[in-house]
């Protein structure tokens, strides 16, 4: 039976925008089967069909229609949980699930900067998963743990920085984002605020990018991650785009590089997800476009099923060394798809032992 | 008679977007009266009312309705010309007018970088007008000359840099623009290209910003302008905004500064247009906003009648020294209003002698 | 003293979108002076400056900055109140003010269909004000009363229908609206719902248009208003426009009419506000545009200071008799401006006796 | 060999928006293989890869990259042509191809209203194909002919009307459209015209809908089509949507109907494409949605691969009998997909005999 070979998974925060993407992306997933939905809002106790207007194009997958939405606290009828809870409740809820023995694959910000929690982009820092071996005390009481993915704009930026950092060393990054409204969830940004407008402020976003980038590109040794020494400057803006974060980037490199080397570093970049042929891994994590007017959110956000970052406009910079524009789908590669790819890496590296006999961890 | 005390002016490029703004802004101007319209397109020979759909909110000023559109070559029935011709024809047409003795107040790119042509922002570099004393040969045969204003995004950026450069010295600038579609004129940007999208490319724009900024902030001595030594990096994007260019800026300063000094430099900035109380001069060239989510195009572009630049989000930067966001109305302060303010400065400084007896220069 | 000759007014619902428009439009009003602000939300007890982000272009009028927001219940330090409370609280609050002796000029839906409450468009049905002579019991205990203005889309439609109804009789109306997001208040419509989209649903809007139109165009006699017998069909849509409701209209007329008569009926339409030269009255309530592509929200919404309705595309219809497109500014003519014009008519017709001695009605 | 069993097809107008959709939709088509590209513009003589910026999301199909764009006149290396030429050149070019023996499957307006040319929606009026038996003289000299599909908004409307007309008779239709900018092609609508705006005018569109609907729903007998007697009124608007035409519809029916019968007529509607299981036929030509806020362009345009029309908001109407909102993808079901479905029906009904031996018709 196909079902028996798949992990039974719960989604915490199932009614929100990213929650809906989890459901969409897991609909026919070969390794995961959604068996439980939870939300922190007043939809608890209703079926998903009753509680929740489906906001993605296409029909709501029928398998969730009659699932009853539960509170985001254990136990849930599943073997692991994907979490995309709002920050207010994520820390407590995710702690509880980890303590109860559930692997928690989290898209929330709550634990990202904890020193024993991997902040993971599978192509970039899979070795950080070793933090799970020491992940602490309260949380892993019973084989539960927490793995996080970065903020949506950080992922786009850091995926693009990774090959440069590996090959040339990145000493400084100046990143200016133009972010899609879906990054704020639903209802999120009011139409009156963004029609014919740009918002130069996204709460905590600049700080997240600056800190998370250093952690992800940091070095794992002796059971901890040392943040990368690079300087990171981020200015963040909301623009009138539904999906797809655009980031204008300048970098200062540790050693001299020719522009064709920079281009090649992007184009040849690959990682464990590609080697292991993970289900959600795009063929190319980074797609280079040479047309002068690319990348564009509307044309490039769905590249690689929304899992590739597109890089264009690579050029020498007059203040730092090089500049380019990177773009990625913020709710796929930047959120739900990121977490799913993390989970696939956990499976492939043996960190998610199948427990098919148990209705849920005890 | 009121009319007799006003300069009779022609508009070259009268049917385009910026041409319409010239007409709107000059409608009740105390010093200038529009007496001639010219365009490079097929509208020649028609009345303005016939030839040209009015694209600005509100009624077309009635005084232009029956003016017949002429070719953009002298003579025209006027004493000076405002030009906003497309680059293809601007150089030849503006040369011809200057050679024929007309002062040419140009918004076009053609002559901006010529070494004897002032690239003028009245609050920033009025002393560059001294270039007119040496402005060359062919052009000024007969008291004609050319004065230019910068590119629309350059003006917003440079107005904001000026007080910092004066007080602290600016050594490097990293500017990332999010520019309005009106900057591309009409029809300009196709709706299909910008709806739900960002375009990371505006032809020649990055180069213009990088070069023009250095010239404007350069030093005038011995009949020439030495470009400022600062490094300038620009990345330009088109966003789905009708009017108002937003620029995310980082600066490296020549001497240490406290953030409150930076803020104060912006806020107290003033120049000749304010001292001379020029008609189009905003009370404050730079308006500082302390709310975390300002400036915004929709809320701030019309500040100071569209002639003020609004600066917000002033903060220390992790790579350069400080960062901030600047915003200005690209078709007013960045184009038609810029040229008109230039003309007002020429009047106020005695560089436009009244020639009311002549139907046009000979 | 100027102040002493102006009515002191309160605004109920002062923090919302329409509340901000009230403040803007009353800033320099010759007859009204804002002396009290109230809101139903958690902003009570704070100053307006603290409580409320200003969402209209331009600076917040300074006179409201330090006014403390109060609960929407009497007494308030004013002689009359403008109300734009959310429907949930409007009925109780407005009743209380009327019972306490305050004239209530309401933009809320609560009392619009009450048989003794005028649903007023000053150009259309000023005679309905006679309902105040019989307005009932509880409410007018102490010279207080309630006057309402219609729903924002109803006003645009009905102003356009009025001259046709007067001259030809309107037997049936088929109206299809394309409404701006500002009609839903703030935060109102989520950006994700309206970017690259049309929403074919606005709660209760179709019913409001159908009922309110019949009441407004109804006949006053013997102390009551008989609804007009016309059939009204409304289909309502939200489109990606900030301000300005567009209505595509077909009408069946009671008697034959030539198209030039229809056009002339629109163009020559005028009413009491024009005759009495009320402060907020536009010179022409209806502006006819003959260009094939007008009216357009961006170009026409501000006509007459936002108080004119623009009509275009008048043509014979193949199913009903004639068709046309009408457009008006939903938050000015359709809300705050409508209420203020109502108040101006009350003053001009002697229904608002000045009570300058009293801090508030007793 | 797979290729040998497919028709070799040319695309006239290959560089435009609809041309690109033809290429996308034919990329892996089981019956058609693109072997020739033609365009009326200056791209002739270049390869498609050189001549044409790809404007659809995703990569340009590689098979067209090196095809050289030719003039839109016979001969072309293909057995039939799909045409989406601009109206100026369509009539002459399509005539020439038909005269030269090519079946012409046209999306252009040129021949739609010719009395011997089928104006075809395969689910609605497949019997009109019989017009080909008498299609005239000049054109079919050599087995060539012309089959057309309707205007993009007409298709959406008429597909929705068809089941009502069959079951109840439609006596009058009042349709108000809110159309996507892609309907105007590329560059089409200027961003400045549609941002924060509605345009109440699309040239000739209202006339097209009124005439084409009557022809499509007309009766074929004795070698001609009699236009349906129904009255049709159309008001057309452009809204800020990329793809997906929304139509607000009222209908007067020939016989009384209950609302549940109307709903059922929509839901059970099916036609020859479904019976014949044509490759591009959606499972359901009409999808009924009962949520109060559907259909919406962003959520519903891609239903059935862009080939289904979604109907919602079915309700009794106060002036006519019933009302509803219909929505369809204008560039798929309304253009390229419509023509391809027409061609599939021609194949399935034996009207496109395979001529695999000939490089092209002679």
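Some observations on this one:
As written, the chain order gives the labels A, B, C and D, with residue 1 at the start of each chain.
Rule of thumb we're sticking to: a residue touches a chain if its C-beta (ideal position, glycine included) is under 8 Å from a C-beta of that chain, and two chains touch if they have at least 3 such contacts.
What you are looking at is a predicted structure, and each value in this text was computed from that prediction instead of being measured.
Between C-D and A-C, more C-beta contact pairs are found at C-D. Chain centres were defined as the mean of their Cα atoms; on that basis the chain farthest from chain C turns out to be A.
Where chain B touches chain C, the two copies mostly use the same residue numbers: shared numbers make up over half of all numbers in play.
Averaged Cα coordinates give chain B a centre that lies 41 Å from the centre of chain C. Between the Cα centres of chain C and chain D there is a gap of 43 Å.
The geometric centre of chain A is 48 Å away from that of chain C, both derived from CA atoms. For chain B, residues touching at least two other chains, in rising order: 55, 195-196, 240-242, 298-299. The touching residues of chain C, when paired with chain A in their complex, are 17, 55, 181-182, 186-196, 240-242.
By the touch criterion given at the top, residues 172-174, 176, 178, 195-201, 210, 231-233, 235, 237, 239-242, 246, 248, 250, 252, 292-299, 312-313, 317-320, 323, 325 of chain D touch chain C in their complex. Chain A meets chain D in the complex at residues 53, 55-58, 195-196, 242, 291, 298-303.
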